[in-house]
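Alright, structures below, take your time with them.
One chain, subunit A, links the two complexes that follow: it is found with subunit B in the first and with subunit C in the second.
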Partner chain A sequence: MRRNWWKILGVLFVGYTIVAGFLTPVPRMNILNETIRNLYFHVPMWFAMMVLLTVSVVYSILYLRKFNIKDDVISSQFAYAGILFSLLGMATGMQWASGTWDSGTPNYFGWTGDVKQKCAAICILIYFAYVILRGGLKDEDKRAKISAVYNIFAYALMIPLLYIIPRSDKVNSLHPGAKGNPAFNQYDLDNTMKLVFYPSVIGWILISLWVANLFTRYRLLELKKENAL
Partner chain B sequence: MISKELVSLIKKDLLIEWRQKHTLYGVLLYVSATVFAVYMMTGQPEAKIWNALFWITQLFVAINSVAKSFLQEHPNRFRYYYTLTGPATYLLAKMIYSMVLLVIMSLVSFLLFNMLLGSPLVQTSLFALITAIGSVSLSVLFTFLSAIASRANNNASLVAILGFPLVIPILMVLSNLAMKAVMPVYQPGWWSLALVLMMLDALIIICGIILFPFLWQE
Partner chain C sequence: MKKLSFLFLMLLSFAVQAQESSPAMADTFRKEGKIYVVVLVLATIFAGIIAYLVRLDRKISKLEKEN
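For the complex of A and B:
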């Protein structure tokens, strides 16, 4: 129980986010109106994804140093959980954008063709390729080594993709933070929003770590059953 | 010392390419057939479409000409190279060899595009320069992916699977850079975009050199 304090904290924070996120007052902004509450759910998904993918890369590096298959399991399962949260981030973002951004071409699916959206989609595709790479390799050690190399390579290329390309001023983005300023300072000027937003980020990150932790433990049990460990 | 090894490794690959002319001609035929197929379908499109089609063609040419840089080597021969040279030298040699190959192929496809699909360009030499720089970027990326694929049971289709998502940002930057040569438009931030491309290239090469030793040892 004492070791699981962070899980309880995560549940409490996310529970608080859900209750307070829908009940506390939010600033009335033009067009955004009540949809601004999505900030508590959409933005933390990307934070959680970045945390999970970073942990995944760290374990890939650890694997390449020590060649311990457990590091590979952790790395791959965190990457899978990261993909899950990137899909959730995409879904919440698209749903938000479909109501608030006018891209000129109305699109039922909420695809606005915004540069941030495109970059996020590319990022998801890169990690899908990671899944396919792992699926294609049968030999355990080979799979671990090659996918670790690809994971590090993909992560290193993803950073400029997510942070530099949307901000190179060639392309205009409707997404806040497109011009180099941190993403949400124009929204959370309001102090009551900060009170919900920060706990929600921490809570969702903790929950995402818990999800990845469950993935990892399940996979380790599977391997133990196959006597592969 | 290292540079001597590098030069002889590049020379070896180019010599093999020159002696086995059938593969070289094969790629040339592939390039011309692709451009011709594009021409048959679109005729002479407007400038923006021309640009897009050109870079898509470049992508396929890159996959077919560069992907084999590692895949054409027999797995056992890696052990022989292992005794002769270091991983960084070997990877750099392969990258430079694919750059040479792809620059030639790109310029051929550039000529064919101008011949068949018409020439909407306003700055031909600038476009040729961007083509050359673009083929450098594409070849370093696909050489490294080819190294990964050669380790993964020599699976050639893996290069395309891994490469397509990774190459999209590079193609995006390249086609935006090329727009300056295609249409007389004012493009603010062209140089910063060029800088982004250079940084991406440098990043790919550095990551490749750091990570390749792990693929190299068995």
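For the complex of A and C:
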């Protein structure tokens, strides 16, 4: 129980956001209206993904230094869990966008063709390629080495795709946080929203770490059964 | 009576205008208390998912001890 305190904390924080996220007041804004509450749930998915993929790349580097196969297991399982959360972030982002971003083009499941969506989709595809790469290599050491190197490149590509290109003046992303867009400054300053948003981010990060932790332990057990470890 | 209903209509139109001037929110929905239903549904789903995660965690811990 004492070692599981962070899991309990995560559950408490997210449980709190589910209640407070719908019952506390939010700024009244045109276009966004009540959908502003999506901020409590959509954004933490990306925070969680970011943490998981960072842990993944750290263990990839550790693997390349010591060639301990356990580091490769942790790295790969955290990447898989990160992909899960990136898909959740992508889906929730598209659902939110379908109601708020009018691109003037037919709207298929919220795909508005916004730069932010395209870049996020490219980023997810890069990580899909990581999964395929691992699946395609049968030799364990070769798989671990090649995928660790690939993982570092994938991580390095994710930073410009998610945080630099969509914020450029030239691409006009509708996503908040990009230059010249409304919303983020306004709700960044709103103190009642911060009281829900920050616990939500921390809570989802902790729950995502729990999920990745379960992935890793399961895979380690599997390898032990195969006597590969 | 006619005057009264006219006055009532005036007031109503004012109320509608007042609502339109500020961004529309789910005020009536909240007043009726239906938001609690939404919270309850989400809390139930979340509780179910967490119960599943806890069970999975225990099963894996048990297997780890056996090995």
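As a working rule, the second predicted complex is superposed on the first by the 221 of 229 C-alpha atoms of A that agree within 3 Å, B and C clash if a C-alpha of one lies under 4 Å from a C-alpha of the other, contacts with A are read in each partner's own complex, and residues count from 1 in each chain.
Note that in this section a contact is a pair of C-beta atoms (placed from the backbone, for glycine too) under 8 Å apart; a residue touches a chain by one contact, two chains touch by 3 or more.
Just so it is clear, the model here is predicted, and its values are computed rather than measured.
Applying the stated contact rule after C-alpha superposition, one finds that A:125 touches subunit B and leaves subunit C untouched.
By the touch criterion defined above, A:142 reaches subunit B but does not reach subunit C. In the superposition on chain A, contact of A:33 is made with subunit C only, not with subunit B.
Applying the stated contact rule after C-alpha superposition, one finds that A:64 touches subunit B and leaves subunit C untouched. By the document's definition of touching, of the two partners only subunit C reaches A:11; subunit B does not.
Contacts of A:156 after superposition: subunit B is touched, whereas subunit C is not reached. Judged by the touch definition given at the top, the superposed model places A:192 against neither subunit B nor subunit C. By the touch criterion defined above, A:54 lies against neither subunit B nor subunit C after alignment on the C-alpha atoms of chain A. Judged by the touch definition given at the top, the superposed model places A:224 against subunit C, while subunit B stays out of reach.
Against subunit A, the residues of subunit B that register as touching in their complex are 144, 148, 151-153, 155, 158, 161-162, 164-166, 168-169, 172-173, 176, 187-190, 192-193, 196, 199-200, 203-204, 207-208, 211, 214-215. Listed in rising order, the residues of subunit C touching subunit A in the complex are 22-26, 35, 38-39, 42-43, 46, 50, 53, 56-57, 60, 63-64, 67. Partner subunit B is touched in their complex by these residues of subunit A: 64, 119, 122, 125-126, 128-129, 132-133, 136-137, 142, 145-146, 148-150, 152-154, 156-157, 160-161, 164-165, 168-170. Listed in rising order, the residues of subunit A touching subunit C in the complex are 4, 7, 11, 14-15, 18-19, 22-23, 28-34, 207, 210-211, 214, 217-218, 221, 224-225.
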